[in-house]
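A single structure is presented below for examination.
Labels for the chains are A, B and C, by order of writing; each one numbers its residues from 1.
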């Protein structure tokens, strides 16, 4: 995993097989922060020769791996064709003095805006850099990678690095670089995509926030209701203490209610949307925003409904494991012996439970098939007709 | 997700960074059907300037989003470099009058044949279009996307758009376009692959049809057998009404039988194939068609076997939840009290059940590991040696 | 799946749409071994015209499909632009006589080193080939594919073929070829990546070996302990034979112990690493090897812990299905009737079990969410911030 992968030639403009003179290819880094240092560490380990440009090389040299050269910015820029710009957006303009030396080179923008910057500025950092240095080719890359992942090498989680640029050749060069560093470059198009690429590390499960809060709220509501009905009321009215039901029984009766309500919320927006289209008489106008958001969150709501149903199944299967279940059974047998001594059987109760359990298992089995098709890799292997077919199963 | 991603330059033949004169790049659409309208909607929302070519612009303009220009076909074709051909195959020849204006441009074939056409013609729509317009570059793309997905924007399911063409540069241009529209272009090679690409939306789980029917047939057979043995026979012979067993018990005894038969059908073709190879004395001749199909469906049969086994486990765990189980226990205790009053214990029965359950859990655990390796993303992360290793586990 | 996909033009240097003169494109193969024959079979079925170069065409012709031409090596090399080198590394030098005819052509290195060669030589086969034939373009590809998969066509498992070369155009040509053969080419960069690509087929779950052995060792230890405590001790001391507990009860009490120890081993290395960094005063020095390996195996240890916990849940739910459980219950009722005849209830025992079960189900539910995010396709859809968030959940 970590062995030096010396990508001997980076820029291969004439397509020939000539080797670069200096052995390992040179890569420049502008910046001396945490990210710059981790980047230098990773590049050195991947077999590159790294030149770091600093405004004060003497002071900062100690922070970098010893194999990396730390020199003045102008010098670093001169000796390498690919230069990582690892400085904050507000300091981009401070690099303008180097624009002469930078002309014709590839600048890799690795920066990440804060959430506020991203929303206020509406222009990506990469496009701003491209505007400042019109003679350079700007490539947006590596911004989704943390300093920690860079330093330790890609191991778990996502190895994909979205790369975008207006210049295919520059994109290819940076892709090879990413390959050599152990990441998987993903071409996401022209530099106009940089705004969206810079938004990626800001997300924290954006599509899950509302559905999860909704499910929690529903659970609290139903738990309170069942608590009152099954525990508090018997205690107040008849003085029976059934508080032992709090951790398991009450949770278990609340879960299917949550699951049912969530499942109905999966279908409701589709019905509303169809009604709206019929009323408007066209399918080519946009839905109101609230309905659009609702439609987009159906998958998440459906998966939470499945999660509640699965938990309910688990809890139900734990019921006979309880000591209280065992005591109840023994006491029932005791009562039967002491009072009427006859065979115990109520046909109606038996049937009700058998049918309920059988349908429950079937429903859970079907829901788990649906949940499996929500996995990205399965969804990608289905065509549109198959995906619709599976999704329509939810209706029945 | 839906913000305008203005891909400023589409065709960048000289690799320079010059911007297209008109700001947003122009894309042409020939056709006024449902797909053409959805395509126009999506392109407009993705920041493109859309020109629709119609034979009757006045009548059809109202059907398109207001930002799209609707003009005569010849005019639409003249002003854009990339032209979507959103008309049916039988009308391709009606465009021949435009071949002068179309010369040198990129035609994107988005059409889908019907199942019949696909099998009868044996020539893909895209290749037919390329034959009609030898001076154009034809790219096959977007046929796997439904009009609905185009209109609403890619959200769930598969975002992948297979793209093929004989001209790498044209493929790159259409790929960038797909990126800008929010899809993930997948290069599937030269235009010769169009036949296969056009077949994709026609499939509806082709590899699952036979295995599912087989499993259903086996289930009906075993259900009928167990129904007769466990319910009808006691009723006819001894007059005992055990019809409450229909929904759960009989299903539960039928499922493992189905699972076992399916599992044996996973291994049988491998054995037959090996025998055939030994008998023929070579491994380089093809198997007969029926054996070949059988060998190809092993994975599906195995997964259905796993599904039946998992359902059996779920049903079994529901057994003690039944009211009838509870009644049976109380009645057993009652009988024990009223008759012999001695300690109840049959060592043999105890052992049989303990061993059966223990092996069952282990088998289910192993099968679920195998099922996990069938997920595409897991299978892709295994090399051939690892995949074979896991598959061989099935044998033991 | 298996229909001939005739990729009509392979090399399209001038970008024109002219068709190759001979209909099907010609592909050469040097070598007559098992892999060469399977390769020929697949290429013929994919619509290519195959020329096999042999040192003794007469003797070897019978081994190849009849549609493949078997000729002398020099002749085979002359007539095709793309040549598969399907001979062992030690015979590469025997091809040096052909270097005149091979000049300017694309050589595809499909070889796999043995584990020993791979570690001793430290130079990939592909790079060795490139050094022997400096006038050719060497592409590394297809080495991860087995002869069997080639012959039968790609069906299950991994269809991905990593391709690397120093020449983008040659990489494109071989990628199209792989497409036409039904595989999914994956660009992994320059020829320097060949060493890593050649290592891939050698792995057999390298990251799972130690964690699995660890889990097995722990299980044996805890099983022995519980066996002594629950079965042997009562037998020796009181003469009670509880050997029926061996297959299920003892396994079930051992599993959670293994799960807990494994879970603690997931967190321990993180704590150690943090302590080491604090003690050293820097985060930019490398950890000792043993700690590094441990940190890398955390995911596998965590998944095994989850697997043990899930098995424990399954076993626990099987407990009430046992005959012995049923007997114990009846005997308890019997004892209750015969001795004190009073209502049976021990509040403390009831509460303990309810809380234990409720927490157990919640823990298992959370762990399964974590296990789902370990699936490659889910992990790829998470950004770094989301992945860390989920991983940190393990701590609580």
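The rule is short, and it goes like this: a contact is a pair of C-beta atoms (placed from the backbone, for glycine too) under 8 Å apart; a residue touches a chain by one contact, two chains touch by 3 or more.
For reference, the UniProt names are A, B, C = STEAP3 metalloreductase.
Since this is a predicted model, take the numbers as computed values, not measurements.
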Chain copies touching (chain A, chain C) - same or different residues, decided at half shared: different
Angle (degrees, nearest 5) of the CA superposition of chain B onto chain C: 120
Whole-Å gap separating chain A and chain C, where each centre is the average of the chain's CA atoms: 23
Junction residues of chain C - those touching two or more other chains: 317, 320, 329-330, 333, 337, 375-378, 380
Residues of chain B touching chain A in the complex: 3, 5-9, 12, 15, 17, 37, 41, 63, 65, 144-146, 149, 151-152, 155-160, 172, 175-176, 179-180, 200-205, 244-249, 251, 307, 310-311, 314-315, 317-318, 320-324, 326-327, 329-331, 333-334, 337-338, 375-378, 380
Residues on chain A engaged by chain B in the complex (per definition of touch): 134, 137, 166-169, 187-190, 192-193, 195-196, 283-284, 295-296, 299, 313, 316-317, 319-320, 329-330, 332-333, 336-337, 341, 343-347, 349-355, 357-361, 364-365, 369, 375-389, 391
